[in-house]
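Chain nomenclature is as follows: A, B, C, D, E and F, assigned in order of appearance, with residue numbering initiated at 1 for each chain independently.
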Amino acid sequence: MNNDDSLMQAGLAVRRAMFGRAGAEDRLAAATDLNRDFEEYVTRYCFGATWTRPHLDAKTRSLLTLAVLTALSKPNQLKVHVRGALANGATMEEIREVILHTVPYAGIPAGVEAFNAAAEVLNEDSK
Amino acid sequence: MNNDDSLMQAGLAVRRAMFGRAGAEDRLAAATDLNRDFEEYVTRYCFGATWTRPHLDAKTRSLLTLAVLTALSKPNQLKVHVRGALANGATMEEIREVILHTVPYAGIPAGVEAFNAAAEVLNEDSK
Amino acid sequence: MNNDDSLMQAGLAVRRAMFGRAGAEDRLAAATDLNRDFEEYVTRYCFGATWTRPHLDAKTRSLLTLAVLTALSKPNQLKVHVRGALANGATMEEIREVILHTVPYAGIPAGVEAFNAAAEVLNEDSK
Amino acid sequence: MNNDDSLMQAGLAVRRAMFGRAGAEDRLAAATDLNRDFEEYVTRYCFGATWTRPHLDAKTRSLLTLAVLTALSKPNQLKVHVRGALANGATMEEIREVILHTVPYAGIPAGVEAFNAAAEVLNEDSK
Amino acid sequence: MNNDDSLMQAGLAVRRAMFGRAGAEDRLAAATDLNRDFEEYVTRYCFGATWTRPHLDAKTRSLLTLAVLTALSKPNQLKVHVRGALANGATMEEIREVILHTVPYAGIPAGVEAFNAAAEVLNEDSK
Amino acid sequence: MNNDDSLMQAGLAVRRAMFGRAGAEDRLAAATDLNRDFEEYVTRYCFGATWTRPHLDAKTRSLLTLAVLTALSKPNQLKVHVRGALANGATMEEIREVILHTVPYAGIPAGVEAFNAAAEVLNEDSK
């Protein structure tokens, strides 16, 4: 793994801030021949090249990501990004509103999946 | 048409603020037997019951809507909401960043459609 | 919770007829700060404002819903609505035909998910 | 072209009843090396093997098809099947209700596309 | 079950070569009144009429299928076809590259689901 | 624009080989403040970092791309990549087979859009 390039370092920093070391360095260290290049692609080009761009702060990017994952019906990824949104300063109320706002556009079944996924993370946190 | 209920009035006010009377009262007045109830559904339950909720301001809701319409590949609706986002105070740079942020999640073809649609509106405005 | 408005009452009646009290009042009573407004949105605007409309009977609406949930690949929601379709008078043969009819349009993988989901409900019922 | 097998004949009969000869024999006669086998696939396995099955009548199958095409955001195909639904005895009111019923599940942008497409066919017919 | 027609026999042969008897005859023998006609539809028109066509060999068809199932976010079906791709001579490296190639077009969340599904099959095989 | 980095150069070379200078340098030169960073993202991370990977040749990658764009219902992008596939050595027969192979998985409406789009390019070429 070549992780000393600048996009990789920038991407790892974003992942670490949102998901801790377990969702950053540890993920890359645990990667296999099957998914290593994918993990690096995600780290460099999504977290490193996109999340670090100007004009939108990290919390807004988290809310946008939740809306997109709701619209795309990706509940497992949504759970990951609910944690990231909390780390970026979003409140439970804001997370709820993002999903509610997405429902008229993406449909109720997408909303059911999103609220079930978000509940798993948020209920766990409130224990 | 029964448009004196409170959700209808709230929805019309949101539509008017974003799209002018042409995208609010005039749309409902021009509705036919085919699409009148749909226009009312959209006005009451999307603009009236959802856009007026607390915790997210109108500009943030516009940016979320652009992300969702990009992810769902709905370029015609995206054009409408680029205008709405501008009316709600979003800049060209913020609109661009929302689409760029959505691309790694929703894919490049969705991004091509979104940027082409946004360009039609934004280039027209800059003439 | 404000559930004495007419759309809420109409929506609860539709949910109760299809899913029993467990899928109607009990769901709303169990709602949390996270999903209460979503449950109310679904009850009022989907079950209350849409399912109660004229020109299509409840069984036809159930069959349409099964087709849409198959096309959207929402197997968990499909299971709920297979029960609802049975309550609305649909037979196993009609449910099967709706999914089979949807397959050429939505694709075989959507069909696999739908038949697996439907089998869970229908096999359970035939025990 | 081998069109004397029974599925092909059954499929052509269904297409002819819904779309006239222009949407049946003429489509196959006009097919090219690029799309001939696709036209035959559609005729045999969709119209011939699926639309002719028991337990759901042709009008119900038309309504299901409109719901699925709305959910999948396929407005061009929807226009074709609005004509087919009319030929199978569906009324404008039933077509409208199918799209309205689909909207809470598939989202408003899918509904906008569907109503615009349906209006092109239905307005043309009412001239 | 009528399985002595030529498309059924051709489809069964393709399924057997990719998935063994457990994924061919045994699947049809275990089918119920609910899913028998669906299993036959898949066998005849997908495996029998499509996979046997000329111009693309079986390995290429497997790789295309993996790309499509990644794009459609169907991880359960993807697992089945990872086994089929291996049986058709694809290597782990080729399977990985197909998913990686699909990611920029279909998005990272679709890639996460696909790599997780592929890992279940490939790790099991390497034990 | 910073286009002297290696991924940019690699991506431009891939684009030029498939689409000529009009689809490579000229596209970047014509980019605006709205879409420049998107064009660079596509060039670097899709064409530069992905299309240049080992284990699959350029023609196979073109065929996979056509399958994915068919499954995602992106006919405008499909037209671009039909030209690219021809440049990478694919024949009309192979392009047709890729779309036909995708149809049972992604559905007939996706196939209709793909064949219509492919016909525009291939008929133009045969004039």
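In the analysis below, a residue touches a chain if its C-beta (ideal position, glycine included) is under 8 Å from a C-beta of that chain, and two chains touch if they have at least 3 such contacts.
Predicted model only: the values in this text are computed from it and were never measured.
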item	value
Both-way neighbours, i.e. chains that touch chain E and touch chain A	B, C, D, F
Shared interface numbering between chain D and chain A [over half = same, under half = different]	same
Which of B-C and C-E has more C-beta contact pairs	C-E
Centroid spacing, where centroids are CA-atom means, of chain E and chain F in whole angstrom	25
Where chain B and chain D are represented by their mean Cα positions, the distance between them in whole Å	30
Distance between chain centroids, defined by C-alpha means - chain D, chain E (Å)	29
Cα-centroid distance, chain B relative to chain E, in whole angstrom	40
Chain C, residues touching no fewer than two other chains	37, 41-42, 45-46, 50, 53, 69, 72-73, 96, 100, 103-110
Graph class of chain-chain contacts, one of line, ring, star, complete, other	complete
Complex contact set, residues of chain B against chain D	32-35, 37-38, 41-42, 46, 69, 72-74, 76-77
Contact set on chain B toward chain E in their complex	104-110
Interfacial residue positions of chain E with respect to chain D in the complex	37, 41, 45, 49-50, 53
Chain C residues touching chain D - in the complex, by the definition given at the top	42, 45-46, 50-51, 53-56, 60-61, 63-65, 67-72, 91, 93-94, 96-98, 100-106
Touching residues (chain side chain A, partner chain C) in the complex	73, 92, 96, 99-100, 103, 107-113, 115, 118-119, 122-123
